[in-house]
Each structure stands twice: as structure tokens, then as C-alpha cells.
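Presented sequentially are two complexes of subunit A, the first with subunit B as partner and the second with subunit C.
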Partner chain A sequence: MEDRLGMGNRWRVAILLLILTILTVPILVGYVWILISTFSQRTYGLIPVDASGQVGGLTLRNWSFLWEDPNIWKVTLNSLILAIGLTIGVVLVSSMAGYALSRISFPGRRVFLGTTLVLHAFPSVTLLIAIFFVLRWISRIPILGRDIPIIGGFGYNTLGGVILVMLALQLPLGVWLMKGFFDHVSWDMERAALIDGCSRWRTWWQILLPQIRPGIAALAIFSFISGWNEFLIPYTYITDQQQSTIAAYLNKLLSDTAPVNYSQVAAVGLFQLIPVMLFFVFTQEYLLSIFAGGAKGGS
Partner chain B sequence: MKVKLENLTKRWGPVYAARDINLDINDGEFVAFLGPSGCGKTTTLLLIAGIYKPTAGRILFDDRVMNQVPPKNRNIGMVFQSYALYPHMTVYENLVFPMKLKRVPPAEMKARAQRVAEMLGISQLLDRRPGQLSGGQQQRVALGRALTKHPDLLLFDEPLSNLDARLRLSMRAEIKRLQMDLGVTAIYVTHDQVEAMTMADRVAVMKDGQLQAYCPPNELYDRPRTLFIAGFVGNPPMNFIEVEVVLRDGVYHAQRAGFDLPLLTERGGQAAGRGPVILGVRPEDVMIAEEGIAGEVYVVEPLGRDDLIDVRIGEVHVHVLADPNRRCKVGDRVHLCFNTQKIQLFDPKTEQSLLWT
Partner chain C sequence: MSESASTVQALEAGKAHYPEEKASLRSLLSPLLFMAPAIILVVVFFFIPVVIVLAISLTDMSTATGFNNWKWVQFDNYRRIATHPNTLPVLRNTLMYVALTLALFNVGMALVIALLTTHVPRRSGFLFRALWLLPRLTPSVVYIMMWKYVAADAPYGILNQHLLGPLGIPPTNWLPAQPWLFVILTNGFIGASFGMVIFTSAIESIPYDYMVAALVDGCSLWQRIRYLILPLLRWPLLFVTTYQTLSLLTSFEQILLLTEGQFGTEVWSLWAYQRALSNYWGNFQWGFGAALAAVLVLIGVVMALVYMRYFQFNQLVQEPKIEAL
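Let's look at the complex of A and B:
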């Protein structure tokens, strides 16, 4: 590449990079502040200070929740269950529904596609109370309601209930995305598989899904991050501390009656951010294909 | 295996993709479905493959009705225009995939895949993925995949359309040879009349979902039953001239303004007294001569071996294949001599031939 760029082009790239750097600085400063403040008693701008205002005062005190509060590991695990459960649900249902919508012509197909798109645009906050009644009703169903191991069940005040609600809200996007990817897999390949001796299920599993792997990866990452970061729905439908997630835990620190320790809030925030960041670093190229691939297909 | 189609019909809403098709294919025969795009030939092929279910009619394999049999139980091999290889599998995995599904024992599977790979000259490519192959190589793999399962019936859906002209020529001969050696019944869909004529034992010409003719290639060429077939088969295409056939002094003449051609009695007799009819004659059956019907050279297209010359006679244009040594130039006055043995006559309304039924 280097050789093919003329002098003029090199300057243009340099200017572009400079502009992008300037635009990124405020965001970066925010992250730097979070990082510094988690190890400080207090901060003055980006400078850590101690109680008397002198430079210094570095401490691990803010991270003490990791070993002092047993709840943190519980809520982290819950967040993980929520994120993984949501991911499995979204990928499973979307890839099947997307296939059906892309390949099978059935009555009501267009209406279905239209309404899912509307649902996607629907602000979920307006549904909170209605969903609360639904979850309460589900709670009364034996076993399914509140007696399933790990996720607790699908009713009110359970992780499964939150997964169910989030799943419903995520599905429109997932289904449309998967449909878009399936649309770009050639019919001939599917026909070839059927003629070669596959059943419809096997064709879907062994021939079509591998073609849209980038799409599935993108959707899975997207769902995982949404599940991990979601605050409103777990906060609304889970009252039990033992079932709570990390985002709700973070909120509790802010709304305690005692004065808020912002350095500790930053530490918990950073703690929540770490897995997402790691995850993102390794998977960002897949995530990009959600935008490029939706139109371009699974190549 | 014999294949028989009985009144086969496929309808999409109000549109007939295939309508009342009756066809018999003998064991080991090579049949081409020929027609322009959208004529229903691929639909018919997919009906035979079992991908589509017929709206009406029956499909029989050796007297067994196949209408309800799913594609995987029909034991057919199919080659697609887009190759349709599985990109996430290596060439070897592609070749053995149909056998795996049929639960062929592993040793046998390996032997068969290698035999087919050798036959098609792709042995050195077995570890590659389809994406790393050229179009011609991919087409060979696709052909190999259709063959490894030992199908009773081979289906081709325009398999050579994506290849360049030279490769198309060699693959054409190769497919024909392979089919003969294996003795497997084959159906070959194409819009290229040269492919159909050169490869097939019999050609089924389709138009608008209907079967126009089903006969050996030379019959298709010499005795076209409809105007459509006459115009579609043959390159450069047949000339059509609107004429009226009259009996004069005991000889039938096809005539129009500036055009008067004596016809053979057995041909002209069929068209006399019908008012306007369409006379068809192929460019190779018209010669530039010293005497005959007078015209003027309008365009000269050198084709190498021949010159294709557009001669204007009054309002009509007649294409003639002529010897380049004649050195015809635009504007030359020439005379045309017609090979009356090869004159075709059609009814302009029904578009049916007046000579052959």
C-alpha cells in the first residue's frame, strides 16, 4: 500500500488521522479518567489526589468489592447466564425463522415480516407494565414458572423471565438479519443438497448455516453484548438481590442512601466493561459484517 | 432408467411454467430441453428432480410414479449453472458428500471419489476448496459430485453457460463422451441451440411452458414444425419472407413485389390458395448467382469461413452465406438463387408448418 500512495495522498491520510484523533480524544479521556479514578481516593481532572488535595492517594480500596462483597460474583454470573441464554435463544430462533421467511412461501409471510419490523421500532419502555402482568401470569405455571435450575424459570423475578422478555425484543432484528443472510445463499446450493440426499433439516444445518457463519457470529456477539449490558429489563423484573445482574448492581451503588463513592462506581463499571472489551477486540470483524453483510450476504 | 412425463403441468398462480408436457426418454438416452429463457425448461427439470411438485400430471421413472417421492430418494445427480458446490467443504468432501448420505462404506467411498476425480482430471485438486478453483475446475467438481453417487439419471441445468467459449467447446465433447461411456440417462437444459444439436440424441424444444417439438436434432433442423423452431434452431437464423403461393402454368410460385420463386410441387402445393404464407429459407440454402431474383447488397458481415450478406429485395432482407472470394461490396447488384429442396412454408396465424405435422 505504502508504495502506491503518492505524497499528496500521504498528506491527506495524515490530515484525516489528525481529525479522527481530535474527535476521539474526548472519549478516550473519559476512559482514562475511569481507569485512573478506580485506583484513586479522589481525582482532580485526570490527576489522582488524596483526601487533603495533595497529588497521590493511590489505593486499591475501590476494588475491594471484588473480595468484600460476595454478591458481585453472583451478579456477574447472573449477567453471564443472561447474556449466554439470550444469545442462544436469539441465534436459534432467528436462524430458523430467518430461513423459513427467506425460503418458504406461506400465507401471511409478508404481513409477518412487516409486523416484526414495526415491533423492532416499538419502544420497549412502553411495554414494561404489560409485560409485568404477563410474567406474573407465567410465574403461576408449575415448574416452567419458577422451578427451572440455573435460569430460575420464565416468570417474574427470575433470570429466565428476563431472558424471555429480552429475547422477544431482540428477535425482530435477529430474524430480519438472518433472513437477509439466507436471501444471499444461492437456491441452487440448497437444491443440490436436497438432490444429493439431504433432508430439509440437514440442508439447513449442514449446508446453509455454514454459509452464513459470519452473520450468525455477528448476531451472537451483538446479542451477548446486549444481554450483558442490559439494565432496564433486569432492573424492572428482578427484585431479588440473588437474581440481579451487574448493571442493576451498578445502579444500586448510585442510589444508596449513603453518599455515592464515584471511584467505586467507576471500578464496578470498569469491571463490567472488561469482558465486553475483550470480547469486542476478538470479534469486531464479525460484528462489522452485521452492517456490511446484511446487504452483501455471508461471503 | 426410462423417464416418462405425462401431461406434466406446473402453475404459479395464473402463470403456467410448464403445461401438458408429454415426453418419453429411453434408457441411456441424452435429451436436451431447448428454449429461450423463461420457457419453462428449468422448471420442468426441477419437477423431474423433485424440487418442485407438479400441479397436475405424472412423472414416471421406469413405470414408477415419482410425484410424491422426495428428491433425496430419486437417485439423481444434478449439475447446476452456478456449480452450487459447498464452499465450506474441500473438493474431496464435496465429492463424497452424496455418498455419505447414502451410507456407502468408507473404503468404497474413497475408491469411487478417486476414480471419478481421475476420470475428470481433478485428482490434484482434492484438498482445495471450491473458492480456490477456476470456473472450469469447479464445473468438473460439480460434475464429479453428480457422478460419484452412481445416479440413475443425470440432470444438467445450463452447466456450460458460465464458462468461456473455448472451454465450453471441450467440456461439451467431454460431457457427451462421459454420458455415453456411463450409459446413464441424461437431461440437459440449455438455451444454446448448438449445445442441444451437438450433444443430444433428441431435442425437446419448449416455448411458453409448452413442448413445441421432440425429435432428433437433424429432423429439428430439416423439418421444423413451427415458425418458432425454424427461427430458434440454426445459426445464422432462417430468413422469413411473407409471400403468396399461386399456381401458374402448372408450377407453384411464391411471389411478392419484386420476388418470384418457382417451388417444388410437393411443397408449393401445400400452401397454394391460402392467401399470405411465410416462406422460410436458411442462409446456407441461398446462393449468389448470375441470374435469379435481383437484389442489392445492404450489409456485408465477414465471418471468416463465409461472408454473411444481407441482400435487400424490395422491402425484404434476405441473409445469404456467400464465399468470401466473391468479394461482395455494399451496393452491388446481385442475383439470388434458392435451393428449392429446402424451402419451408408456414401458416402466419397458427405459426405451424404447412409441410410437416
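Let's look at the complex of A and C:
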């Protein structure tokens, strides 16, 4: 898209970049501080200092959890399973529902869209107790409740259960987003497919989904982020240490050790940032390749 | 027109094999299958819990009563809210916090960043969007710690050390001095990325032909934004405004970590949380907390309805052009 908007004007690009940089300064400064502080004993502003207040005091001790605590890799893996499971689930369920809401006529479309949005108005904290009862109830279902490999099942105290709860909480976002993107896809393509004898399912999967890849990428990013970072829900519904996630690990650092080593907390925080950043780069590259090659059929 | 007429014929022909009633059942089957997973999830994890919460708000359930000894108190909890001395100040705080953060960051800044990053070379746009996504990606504990160090008193604070000190302004801890500024900044820098990602995707999915047509017609950058991009962003704008209003109304995590509601920054959802789940005296008042949440939902619903009227929601949910199959 580099030149698609006729950006021959270098001055204009330079001015736009300047405005962007100024707006972004607080973020830049903040994250430079985090980076510096994870390698320092303490900091005065952005300057690393040692215990007596002299400039210096650089150290690797804050990162030692990476090689000293084997638990970190277990919780990282759990977080990864949670985030990936949630992303796949949200994208599938919302793109199916979004397609039906946008493209098929049936009674109750408006009501469904309205209700899901209203449900988002319920603070998830207040639903915690009620959802606890529901998960306990699912646990009693054989196999589905607690005997599925990797995710452990869909009941209480399993990763699968947490995925389902978070999936439901993400649905207002997913359904609304997908519906909006499906609305902009040309009717002719779908009509042609249907006339040629394509079923609704194949049309959805092979014709329409490839058209809304930017929307899917946006939704995937948000789902991955919330799965990866969510603290409250896994913390509340998973009591088994073996199933714990990295956000809960971070919280344990804050509550266990006294006095709290904030530089180490920042180091774990930065470590937790890496996979999400990679995921973002990956989805953006994916987007980039669509615009370079034009929209293709098939998936 | 002729094309759609032939479609109708083709579809009629396909339908002709079935008796009338069977055909209409069949036509409901495929939307139902597409909707089934979403409907089941919404009912099990949203609808049932919401009903349970509303029921709890009519009881005196708390740690003291446990799950067994509670009793129905009808609308007592709501009456308590109506007469509570905190109600008005907290309500005013909440509305101010939501309105300012939403206008300045979650919609305003989001739109500005999305427009700017889609009108500079792709790589730089991508870099800036990644930077703006950082606050959302960072665990909130670490993110809030960062802001606390920005505001902290000398010699630790970044503001005092590198900006205000050299200007000769006496150092202080700026968090208690300007609590609302920091509440809005911390939430705003997280909130802006939501709209940014959605607006960017929407701008990038605008058909190439439209842009070319606008260029051929000699539109300036501003004209393209005003007459081409913004009108096509109506659904995302409605969605981001509404969704983020509700998110802001119910969000309290950052405020809890930043000020714990001190310095006059108590908002409604934080109040509900502190009453229901994190009480200084150890008595969790689930009934009263649920009632507080219900009032918050009512405020959210009213605002959502206003937005929908304003953005002409009904027009955005048009009937599909291809009829039942």
C-alpha cells in the first residue's frame, strides 16, 4: 500500500511521522525505563544507580528466574495453550455467528446483537461467583468435564473451562466485529457461489472468510492478548499449580516475597511481553502479504 | 437487477422440490447451525450467571450469612444505594472518567493514530501501532508500576528528574497532586489501542477502487478522510464508542492498582468490587455488590441505547440481500 495513496509528498510524510512521534513519547519513555530498571539495582529517573545512589549498579540478577525457576516454563506453556485455544475458539465461533447475522435472514438478529452488547455491560467480576456454580456443574459431565488431554476438560479447575468462560466474555466483541466486516464484502461474489451450487458452509469458509482477513487478524490479536494476560479468571477457577498461568505467577511474586523486588517483577513482565509481540508481528506480516498479493480465493 | 432476478429464479427452482413448510424449516436450519455455538456459550456463561447475579442483588447474601442462611430482602439493597452518601460523588466521578477517557483516547486518539499510521509508509505505521499496543500487552501490575515511577517524587520520578527539575519546578509526587490526570492517562494509553486496531483494519479493508477513484477525482488527503473514510467507518465507530463506554464503566483494575480509589478517584465499578469481593473488614457483601453492579448495567444500557439511536443502528442492521436458500 506504500504508494497506493499517492504519497509522493515527502514533506507531508515527515510531518505526519513527527506528529506520531510526539504523541508516542510517553510510551517510549516508560518502556525505556522498564528495560533499564530490569538490569539495574535501582533507578533515579532513567539513570541506573547502585545502593548508595551512585551512577552504575547494573546487574543480571533480576532475570535469574529464567534459569533458576523451572516453573516459569510450565506456566508459560499453560498461558500459551490458553491464549491459542481462546484465539481459535473466538475466531471460529464469532465468524460463524457474524456471517449468519450479516448475511442470512432469520428472526431475532437484531435482538441477539443488542443483547450481546448489553451483556458486555456486566462487570465480569460480579459474574465470577455465578460462573463458579456453572463450571462446577459442567465438571460433573463425564469426559467432557475433566478428561480431555492438553486442556484438561471444560469444567472447574481446567484450562478448557477457563477458555470457555473467556470465550463467552469475548463474544460481544467478536460477533460485532465480524458482522461489521462481513457487511462490506460484495454480494455478487457470494451470490455467484450460491448459484453455482456452493453450500452456505463452503461459501462461508472458502469465499467469505478470505475476504475479511484484516478483521480476523484484529480479532485474533485481541483474543490472544486477553488469553495471555488474563489474571482474574484463571486465578479464580484454577487451583491446581500445574495448570497455573504466567499472570498468576507474576501475582505470586508480588504477594509471596517480602520485600517485593519490583525490578524482578518488571523483568517477568517484559518476558511475558515477548510472545504477544511476536504474535502481533506475525499477524501484521500476514496482513501485509494480502495487500501485496491482492485478495485471493481459497484459504 | 437482471442478475438478482435470475438468482431468485435459481433459488425458486432449488426450493421447488420441497413442500412449503419444509422449505421454511430448512431455511432456518442453516442460520441456526451457524449461530448455535455462540448462542450456547452466551446462554451458559452469560445469561444464566446474569440471572443468578440479579437474584443475588435481591438478597442479603454476604460472608456473614454464607450460601445457606441468606434471605430475600426485596429492594432493600437498591434503597440503600439511593440514600448512600457516596452515591452522588462516585456517580459524578464515574461519568467524568468515562467521558474524558473515551473522548480523548479510546475514540479520539485511536482515530488519530489509525489515520496517521495508515498514511505513512507501511513499515513505520506498523512500528507505531506496535508501540501503541505495548500498554495493552503489558501485565497491568508492571504497567501501573511504570506510571508510578513516572509520577514519583525526586530522585526516583522520571517527570521530576528529566523534565520538571531542569525547568526549576519543585519536585513532588505528582500522583496525589494530579490523581485524575494519571487515572485518565493510564487508562487512555491502554484504551486507545483497541480503537486503533479496529479502525486500522476497517480503513485497510476499504476497497482499493474507492481510493483510486478519489485520487483520480483529485481529492486532497483531508477530503478523502472526511468524505470517503469516515462515512465508511460508521459501524466501527458505533461499535468502538459503545463497547468502550461499557468497558470503561466496568473497568477498575488500573484505578485499583494506581490509587485504590484514594484522592477522590473512587468509581462505581471499584466501589462494587470493594463491597463484594475485597472488603477491608473481611465481610464480602455479595448482595449489595450485585445491586451496585446492576445499577451500573442500567447506566450502560441507557448509554448504549442513546448511541444506537444516534448512529442509526437499525439502518446498520439491514435485511440481507440474498433471501433464504
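FYI, the second predicted complex is superposed on the first by the 248 of 299 C-alpha atoms of A that agree within 3 Å, B and C clash if a C-alpha of one lies under 4 Å from a C-alpha of the other, contacts with A are read in each partner's own complex, and residues count from 1 in each chain.
Note that in this section a contact is a pair of C-beta atoms (placed from the backbone, for glycine too) under 8 Å apart; a residue touches a chain by one contact, two chains touch by 3 or more.
Every value quoted in this text rests on a predicted model; they were computed, and no experiment measured them.
A.B. asks: Just to be sure I read the superposition right, which of the two partners does A:Ala220 touch: subunit B = first, subunit C = second, or both, or neither?
C.D. replies: neither
A.B. asks: Comparing subunit C with subunit B, which touches more residues belonging to subunit A?
C.D. replies: C
A.B. asks: By the touch definition at the top of the document, which applies to A:Ala248: first (subunit B), second (subunit C), both, or neither?
C.D. replies: After superposing on A, A:Ala248 lies clear of both subunit B and subunit C.
A.B. asks: May I ask you to decide whether A:Ile207 touches subunit B, subunit C, both, or neither, giving the answer as first, second, both or neither?
C.D. replies: First partner only, subunit B.
A.B. asks: In the superposed arrangement, which partner chain does A:Ile195 touch: subunit B (first), subunit C (second), both, or neither?
C.D. replies: Touch status of A:Ile195: both partners.
A.B. asks: Between subunit B (first) and subunit C (second), which does A:Ala83 come into contact with in this model arrangement: first, second, both, or neither?
C.D. replies: In the superposition, A:Ala83 touches no partner, neither subunit B nor subunit C.
A.B. asks: Does any part of subunit A touch subunit B in one structure and subunit C in the other, and if so which residues?
C.D. replies: 188, 191, 194-195
A.B. asks: For the complex, give me every residue of subunit A touching subunit B.
C.D. replies: Residues in contact with subunit B: 186, 188-189, 191-199, 202, 207, 210-211, 213.
A.B. asks: Once bound in the complex, which stretches of subunit B touch subunit A?
C.D. replies: The touching residues are 46, 49-51, 70-72, 74, 76-78, 80-88, 97-98, 101-102, 145, 149, 155, 157.
A.B. asks: List the residues on subunit A that touch subunit C in their complex, please.
C.D. replies: Interface residues on subunit A, with respect to subunit C: 1-2, 4-7, 12-13, 16-17, 19-20, 23-24, 26-31, 33-34, 37, 42-47, 53, 92-94, 96-97, 99-106, 109-110, 112-131, 133-134, 164-165, 167-169, 171-173, 175-177, 180-181, 183-184, 187-188, 190-191, 194-195, 200-201, 204, 212, 214-215, 217-218, 221-222, 225, 229, 231, 247, 250-251, 254, 262, 265-266, 268-270, 272-273, 276-277, 280-281, 284, 287-288, 291.
A.B. asks: Within the complex, which stretch of subunit C touches subunit A?
C.D. replies: Touch list, subunit C to subunit A: 3-4, 6-7, 10-11, 27-28, 30-32, 34-35, 37-39, 41-42, 44-50, 52-53, 56, 109, 112-113, 116-122, 124, 126, 128-143, 145-147, 149-150, 155-158, 160-162, 185, 189, 194, 197-198, 200-202, 204-205, 208, 211, 215, 221, 224, 232, 235-236, 239, 242-243, 246-247, 249-250, 252, 269, 272-273, 276-277, 286, 289-290, 293, 296-297, 300-301, 304, 308, 314, 316-317, 319-325.
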